[in-house]
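Please find the structures below.
Each of the next two complexes has chain A plus one more chain, namely chain B in the first and chain C in the second.
And now, the complex of A and B:
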């Protein structure tokens, strides 16, 4: 789901940077107000967790690979605004140091994985676990479903961003300038592989950690 | 044990296990993630390298591209796994430093 440099045209890259700047500013302000000093190490753990979980590439035999983002768990633990900051730090390090995701696409990648994913996951979790008692299974299931749906929303968005490129940018001879696959390919492929395989990884990771925290720490 | 200690142990375990994310795709003959091909792969897939993509794709040269040390591409899975673990540890070290600095800047000290 890490869009590399060259797949999105300058217009798309610019739009997503422009969208993310106020979100990052707002996230900083809200985290400044709500996060206590003793929670900062948890924020570091959240960012580290998201970073390393994205290194676990899961194969579709003979096909492509994909991975969980861990962002829904971070959002459930720390809230969506703190999760936005944590995942952004992970994505920026991945892009700058490891070339995983493009520099020009940091805005788009952060929109998909550091903004939409944790917010969608957080509110789906809150809705399903509404009024569920502490330690109940409904909270575990809510976490799993939130992980599954949020990762798929992010994947669908990524597919959409890839897919509109041939509509936006073409040479006179009809060749694509950036991502050559249109919506008819990019959207079903990105959604399909995450619905069938990678979404379940996010669901299991999110659900299992919430279950663990229920059992051993009396959280949730 | 404090919960935060348990989380750090979990992160350390994930760093050591990270090469699974390299070995399993190799074993099951899975290629790149969709939409994350290099220029050569792109040429094989669609027959040409889109001009804009060619220009932008070389914009940034990452110091540890794809979590592997430069020039280690042909060294085999054991070397790549080692580089993967070092990359994970290095990445997390930097991330922790950045978040602690951000935390210093953002978060007010609690009154005792």
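And now, the complex of A and C:
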């Protein structure tokens, strides 16, 4: 779901940077206020954690593998605002040092994966697990459902961002300048693969990790 | 069913570590880009990357890509390594997804070439072909600039450069610390999967595999949580009082000013030609 450089036009990139700037500012203010000094390393460790979650290959039926994004899991563990900072940091390191995800698309990638994904997932998890005791199965199911829905919302958004490129940027002769596919192709492709495959990977990983952590209650 | 999720994770972790070692090795070479002030280099490279996004003329994009390859050569980067590193995986993947866009089904326009397969007529259009070429060239040029920046600059220095953009301290400090933990965690993943591999003598059902992966992620989180306490104590022992203090030892030289001047001339020239 990491959008590389060259897929989105300057207008889209600019808009998402503009949208993310106040979110980042607010996140750093909220986290500074709520995070105790002794939890400061937790942000960095959480960021590294969200960086490496994607390196865990998960087996899926058919003999192939996929990986989870982990945004909802990090939000459940750290809270949505701290997750926003942690995932942003992970995305910046991925883009700047490893070329994974574009520099010009950092705003859009962060909007999808560091804002919409953790916030949507966190509040879906909170709504379903409302008042459930810490060790209950409802929390495990809530985490799985939150992972599935939030990842698909983020994937739908990414598809939408790809799909509006031919509408925004086209030469007079009809040549595409950035992502060449319109909404009728980009949206179903992005949503389809996440609804059918990656959403389930996300749901299973998020739910199972919460289940394992319930056995060691102190850790989240 | 093979346990390929175990192998893939080990290969992923190893290639990550190998790539980082290569990058550090290139960053330590005495080449042109390595000798520049990381601040000047980062700012000029970011300007190039932003400019690549605005260019609509493929010839100018080719020129910038050639400049990027020339800079890699000047910086003693093995060009085969650089081409492999930049083309695999994103541009090749982009090529694959851009391929259908050259046909009239997705991009209608002036027909260039037509052929029939199993009774179905395929038409390649001028608009489709030039759009796809522009798209791939843009993707590979931007990625080449990013990779060139990251392999000619020590990663730790590159992250410190972020400070000049007036990014809130919480982000800068977290980024620097996160970078170190990524290596620790990747090593943990590699060791854990190696341990699993040495104990699993038979094929695993995918459901069992999924629960192993989830258990590992949960275990990594527990280790992270315990690490937090130790790291905070270590920070306190080194004088941390809630506000991080960072050293500033970047220095501009005549060579940096010359590069800055040259890069700005190119950027302005391209700006007026697009």
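Rule of thumb we're sticking to: the second predicted complex is superposed on the first by the 204 of 220 C-alpha atoms of A that agree within 3 Å, B and C clash if a C-alpha of one lies under 4 Å from a C-alpha of the other, contacts with A are read in each partner's own complex, and residues count from 1 in each chain.
Keep in mind that, in the parts below, a residue touches a chain if its C-beta (ideal position, glycine included) is under 8 Å from a C-beta of that chain, and two chains touch if they have at least 3 such contacts.
Bear in mind that the values here come from a model prediction, so they are computed numbers and not experimental data.
Asks: Record, for the superposition on chain A, whether partners chain B and chain C clash or fit.
Replies: When both complexes are placed onto chain A, chain B and chain C end up clashing with one another.
Asks: Touching A:193 in the superposition: chain B (first), chain C (second), both, neither?
Replies: It touches chain B, and chain C stays clear.
Asks: Which partner does A:25 contact after superposing on A: first (chain B), second (chain C), both, neither?
Replies: A:25 sits against chain C, while chain B stays out of touch.
Asks: Kindly classify A:174 by the partners it touches after superposition: chain B alone (first), chain C alone (second), both, or neither?
Replies: So A:174 only meets chain C here.
Asks: Is A:208 touching anything from chain B or chain C once the two structures are fitted on A? First, second, both or neither.
Replies: A:208 contacts chain C only, not chain B.
Asks: Just to be sure I read the superposition right, which of the two partners does A:88 touch: chain B = first, chain C = second, or both, or neither?
Replies: second
Asks: Once the shared chain is lined up, is A:129 touching chain B (first), chain C (second), both, or neither of them?
Replies: Neither chain B nor chain C is touched by A:129.
Asks: Pick one for A:158: touches chain B only (first), chain C only (second), both, or neither.
Replies: A:158 sits against chain B, while chain C stays out of touch.
Asks: Quick check on the superposed pair: does A:1 touch chain B, chain C, both, or neither? Answer first, second, both or neither.
Replies: first
Asks: Choose the clashing stretch of chain C with respect to chain B from the list 27-35, 63-71, 117-125 or 135-143.
Replies: Clashes occur only in 135-143.
Asks: Hey, what residues of chain A end up touching chain B and chain C alike?
Replies: Common to the two interfaces on chain A: residues 4-7, 9, 28, 31-32, 37-45, 47-49, 51-53, 55-61, 63-65, 85-86, 89-90, 93, 95-99, 102-104, 171, 175-181, 216.
Asks: Quick one: which bits of chain C touch chain A in the complex? Just the residue numbers, please.
Replies: These residues of chain C touch chain A: 1-6, 8-9, 12-13, 16, 19, 23, 46, 49-50, 52-54, 56, 86, 90, 94, 98, 101, 106-110, 126-128, 130-132, 134-135, 138-139, 141-143, 146-147, 149-150, 155, 158-159, 162, 168, 170-171, 173-182, 184-186, 189, 204, 206, 209-211, 213-222, 224-225, 227-229, 231-232, 235, 242.
Asks: Quick one: which bits of chain B touch chain A in the complex? Just the residue numbers, please.
Replies: Residues 3-4, 6-8, 10-11, 14-15, 17-18, 20-22, 24-25, 27-36, 42, 46, 48, 50-57, 59-67, 84, 87-88, 90-92, 94-96, 98-100, 102-103, 106-110.
Asks: Note which residues of chain A are touching chain C in the complex, please.
Replies: Counting only chain A, the residues touching chain C are 4-7, 9-10, 13, 24-25, 28, 31-32, 37-49, 51-53, 55-61, 63-65, 70, 73, 77, 85-86, 88-90, 92-93, 95-99, 102-104, 171, 173-181, 185, 204-205, 208-209, 211-213, 216, 219-220.
Asks: Which chain A residues qualify as touching chain B in the complex?
Replies: For this pair, the touching residues of chain A are 1-7, 9, 28, 31-32, 35-45, 47-49, 51-53, 55-67, 85-86, 89-90, 93-100, 102-104, 158, 162, 169, 171, 175-181, 186, 189-190, 193, 216-217.
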